[in-house]
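To keep things simple, chains are lettered A, B and C as they appear, and every chain counts its residues starting from 1.
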Amino acid sequence: MPQGALTLPAAYYVDAAFFKREMDGLFGRMWICAGRTEQIERPGQFFVRQVLGESIIITRGPSHRVNAFYNVCRHRGTKLCTDEAGAFAGSIQCPYHAWTYDLDGRLIGAPHMEEVPHFRKEDYPLHDVRSDVWDGHIFLNFANDPQPLSAHLADLPKKFRPWRMEELRLGRRIVYDVKANWKLIVLNFNECLHCPNLHPALNRLHHYLGADNVEPTACYCGGAMGFREGVETMSMDGKRRREYLPGLSESQRQQVAYYSIYPNLLLSLHPDYMMTHTLWPRAHDRTEIICEWHFHPEELARPAFQADDAVEFWDLTNREDWWIAEQSQAGINSRVYTPGPYSEREALLWSFDEIVRRESATDGPPRRREATKGQTTSSS
Amino acid sequence: MPQGALTLPAAYYVDAAFFKREMDGLFGRMWICAGRTEQIERPGQFFVRQVLGESIIITRGPSHRVNAFYNVCRHRGTKLCTDEAGAFAGSIQCPYHAWTYDLDGRLIGAPHMEEVPHFRKEDYPLHDVRSDVWDGHIFLNFANDPQPLSAHLADLPKKFRPWRMEELRLGRRIVYDVKANWKLIVLNFNECLHCPNLHPALNRLHHYLGADNVEPTACYCGGAMGFREGVETMSMDGKRRREYLPGLSESQRQQVAYYSIYPNLLLSLHPDYMMTHTLWPRAHDRTEIICEWHFHPEELARPAFQADDAVEFWDLTNREDWWIAEQSQAGINSRVYTPGPYSEREALLWSFDEIVRRESATDGPPRRREATKGQTTSSS
Amino acid sequence: MPQGALTLPAAYYVDAAFFKREMDGLFGRMWICAGRTEQIERPGQFFVRQVLGESIIITRGPSHRVNAFYNVCRHRGTKLCTDEAGAFAGSIQCPYHAWTYDLDGRLIGAPHMEEVPHFRKEDYPLHDVRSDVWDGHIFLNFANDPQPLSAHLADLPKKFRPWRMEELRLGRRIVYDVKANWKLIVLNFNECLHCPNLHPALNRLHHYLGADNVEPTACYCGGAMGFREGVETMSMDGKRRREYLPGLSESQRQQVAYYSIYPNLLLSLHPDYMMTHTLWPRAHDRTEIICEWHFHPEELARPAFQADDAVEFWDLTNREDWWIAEQSQAGINSRVYTPGPYSEREALLWSFDEIVRRESATDGPPRRREATKGQTTSSS
C-alpha cells in the first residue's frame, strides 16, 4: 500500500450510473459464486439466481452436467420458470405457448411453428451462461471468453483441499437485504479493526489484531485468525458442539480461514463448519446477502445435531456488520465526504479498492449476448 | 403477415422513454374508451379517470351533454374533485378559494377577482377534453383535431347493433393492477393459442383454434368463437343462467364475439352478457385494468338474478392472463431477449404491432392543450 | 404587485431538477430555522436534522457554544450518530473504528493512525455548518460567506421582543409528511382567503379578511389578525386556558401574529402560546413539517396545565391545509396547468414568488464545502 492511501471516491458507492458500469466490469466478467452442487444433485433439479438484472436458471442436464440458462423463452420472451427452486420433469416448458427445451437447452417442441417456412428448432436454444464447479461451489461467468475458473482461483483449491468442501451439506440459510453498496460488505469483511467497537461477542473469541493474512491477489484476499485461549470455534460461548471436520491438521483446528473470493463469495472455514456469504448487488445502495452454514453430513445425521450456536453467533455478528455498512453508505452519500486515510492495518481494503478501480474503468459497450446457436459449455 | 414476422423489439415494452412517446402517439390521439353513459345518467353525476398522467372528470351537463374536463382549477391549479365518482350539486366548486364552474365548464364564480382589472370570467373555463358516445360507451379524445368517433369505429356500430349495448347495465366491476405493459394485455387477448396451456377452464368451453377472425383494421381486430358441444355461455360449467340478450340471431347465440378496439377497449359479447375490459397504462411495466360485467336490466331485476358464474369464470381466466403477461414483461426485460418468430396463427398480433410501430413513430412535441377559450365540443 | 400578476409556472412545483437548483439557491444560502436552544440546554446534548440531503448534528460545546456538524466521520465516511436526539458523553465517537471528536469538532482519537506517516489529527475535524441563535431559535447557514443572521432578520427581533420567545418551552410536537412542494405550504400560510371554504373552525375565530399585513421584505412577510368578538385565542372554542404571555401590550393580547420567515419558519405568536412550523423539503412533491406548541414555563408547571385546546385546534387546521396543498400539487402537475391570476388579496404570495424566482435563478455549481481545517464559527 502506498503512503497516503485513501478510501475510494464517493461515486463508487453512491452513483447509480457508476454502479451499472461496475456491474458490467466486475460481475459481467469475473466468476461469480452462484450456489452449491448439492442444490441440484439430480438431473432436472434447479435453482434460480438474480444477477446483473437477469434471472438465471441453474440446473443439471441428463449427463449430469451443470447448466445455466437465461430464464427467457425464445418465442415471445416469457419468463420460463417462476419458482425459486424445484425440479423440472425432464424438460423446461414455457407456460405461455408450450415451447419446450431439453435440460441442455435445446428447443424440442414449438407448437404450430412447423407451418412457418424456414423455421428450424436448432436456431432457438436457450441462451446459456458459462458455468463451472470448484469443490461443491457453482460459479457462473457472463464474459464472452473468460479465463477458466481454475486459472482464476489459482492456488485456492489446493489451499482449501483439507476442508473437503464438496462433502459438506447445508444446515441453515438466512437471506439479508442490506441498504449498502456491496463493496462496503467486502471491505467490512476484510478487516477486524472494527471488532472491538462493534462486535463484543466476536471480540471475546478472536483478538482483533490476530489475523495472519496472505499476500492479496487479483482473485482473493484473506487469512487465518486464531482463537483466544479456551475457544474452540465461533459460537456464542466459544464451545464446539461438533467433531472437527475430517482431514484438518492440528493448526487448522485452531483457527478460522476468512477469505473474500472476488467479487461475491465470502468464505469462512471453521474447524467444524463452513460459512458462506454470497453477495447479490441489487442497486448502488442495496445488496442481498445469502448466508449459509454447511456441516459435515455425519454431524447432520446425528440425532443431537444442532447448528444454533454457530447460526446465532454469526447472525448477531452479521447484523452488526450490515448495520455499520448501512451507516457508511449513508455517510458517504454526504456532499462533504472525501476519501479518508487508510491505516497500515487496512492494506487489504486498499488492495480490493485497486481491483475495483481497475476493472470498473474498462470501457466497451454493455455486453449483450449474441443469440446462441451452439450448445452450453459448462462442466459438472 | 409477411414471412419471417417477428415480435416487437424490447424497447416497446421496457423503455420508460419510449412509453411516454407511445402514450402521446396512441392514447394522445386515438379515441379512448372511458366508461359507460349509465355512470352519469343525470346531469351533475360524474366519474373520474386517470389517463396520460391526467385526472379527467367525466360528467353530464344540464342539456344532458356528456362533458369531460381536466380536473384542474384555473385559479391556482388545485385539483377540483378528489372523489372517484359522485354527483355535483349543479356546479363544480374548487375546495381552495371557491372558484366555481357550471356543468358545461364555464367559470361562474371567482371571489375577489372582480377587483382585478381586465379579469374576465369567460377567459377561464375549465380545460375540456373531446368526448363522444357509441352505444352506451363513452369515448375521449385528446387530439387537437381528431377524426369523428364514428369514422374511427367504421363498421363496428352496425356489426354490434344486435347486442343493444346501450341498454345493458353494470352487474359487477373488478379492477386489476397488472405489472405488465398494456400491449402485452392486448396481444394476449388477440390469440387463443395459449388457452390449452394456460386456461384449463376456458379450454373446456372453446376450442382454441375455433376463432373466426375478421380482417383486422386500424381500429380493431377480433372475431367470433363458437362453443364446444353442450356449452351455452362462458361460465364455470358452461351453463347459461340468463335469457339470451334480445335481438340476437340464432348464430349470435352460439358464440362469443371478442374484439380489441384500440387502444384500450377489449369487448367480449356473450349470448347473455357483455364483458368489457378497459386498459389504463400507468407505466411501461404497469397497467390498471377495469373489468366489468354488464347484463340486461330485465335480468338484473329478477329476484333470482346472479352473475357469479360469469364473474368467477372470467376472474379466474383474467388472473391467468395477467400472470402470464407479467412473466412476459419480466422475460422481455432481459438483455438476451430478441424479437421471436410469430406463427401463422399469430397474425392478429402482428397487425397490432404494426399499428403500434406506426403510431408511436410519429414525431412532434407532446401535445399541450391551448388554454380553452371556447366551449366544449362533446355530444351526448 | 404589478397588474396581471400570475402564479409561478408548473416547473417550480413539479420538476425534480428545478427542485435541486432551488434547494441550492434558497436552503443552501439562506438562514434555516433548525430548532430551539432548549433542545440542547447542556453541553453534549444534541439533535439531528435532515436538510439538503444531509444529516446535520446540532449540539452544544463545552463553552456552551451551539455547534452544527455534518454527521460524517472523516475516516471512512460513516454516519456518526443514528439517534434523532440525545446526549454525547463528552465526545462524539464513530461506531465503526472509534475515531473520536470533541464537542467542538476536533479529532481527538484515531486508533492506529499514529503509524501513518504525515497523518495529523488537526487535518481531520468534523465538517461544520455555520449556526446562530435568535431568541431561542437556532438557525443554520450552508453558504460559504453568509450575511450575519441579525442582518438577515432585520427588524424582526425588535418586533417580537415582547413575546420573550427564548423563555418559552415545548409543550407538544407533531410531525407531518405532506405530499406537496414546500412553497405551497408557505403560500397557504400567507393568505386567509381560503379560510371560509376550508377552515370552518378557524373561521369562527378570525375574520378571513382581518389580517393587518406589514410590507413584505426579502426575509419575511406576515401580519397580525384580530379575533372575532368573544374570542381570546386560537382553540376549538376560542377560550383561553392559560395566562397571557408576560410582557404583551393590550393590543398584542387581542391578536395573533402570523409570519413566514423564509425559507422554512412559520411563526404564529398567540396571546398565550407560540406555535412554530419548520418546513423540511424532501422532494419537489414532499415536505416534512415539524409543528410545535411552546408555552410559558410557569404555565407548563401548573398541575392543571393543558395544551389540548390549542393542539387539537391547530392539528385540525393543519390537516385541512396539508390536504389542500396536496390537491394543488396534484393539479399543478397537469399538462394544462398554466399560471393563474392573483387577486389583490394575494399580494403576499406574489412577493414570496418573486423571492423564489430571484434566488433559484442564481447560477453557480452546487456548493461543496471545502475540507474544514479551522474551527467552527458559530455562537451561542
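Quick note on the criterion: a residue touches a chain if its C-beta (ideal position, glycine included) is under 8 Å from a C-beta of that chain, and two chains touch if they have at least 3 such contacts.
Predicted, not measured: the structure shown is a model, and the values here were computed from it.
Novice: Which neighbours does chain B have in common with chain C?
Specialist: Common neighbours, chain B/chain C: A.
Novice: Interface check for copies chain A and chain B. Shared numbers divided by all numbers used: above half gives same, below half gives different; which is it?
Specialist: Homomeric contact, different residues on each side for the most part.
Novice: Just how far, in Å, is the C-alpha centre of chain B from the one of chain A?
Specialist: About 47 Å, centre to centre.
Novice: Please list all residues of chain C that touch 2 or more other chains.
Specialist: Nothing qualifies.
Novice: Give the list of chain A residues in touch with chain C in this complex.
Specialist: These residues of chain A touch chain C: 3-4, 7, 10, 187, 193-194, 196-198, 324, 327-328, 330-338, 340-345.
Novice: Report the residues of chain C in contact with chain A in the complex, numbered from low to high.
Specialist: Touching chain A from chain C are residues 52-55, 70-80, 82, 95-98, 111-113, 115-119, 124, 127, 366-369, 371.
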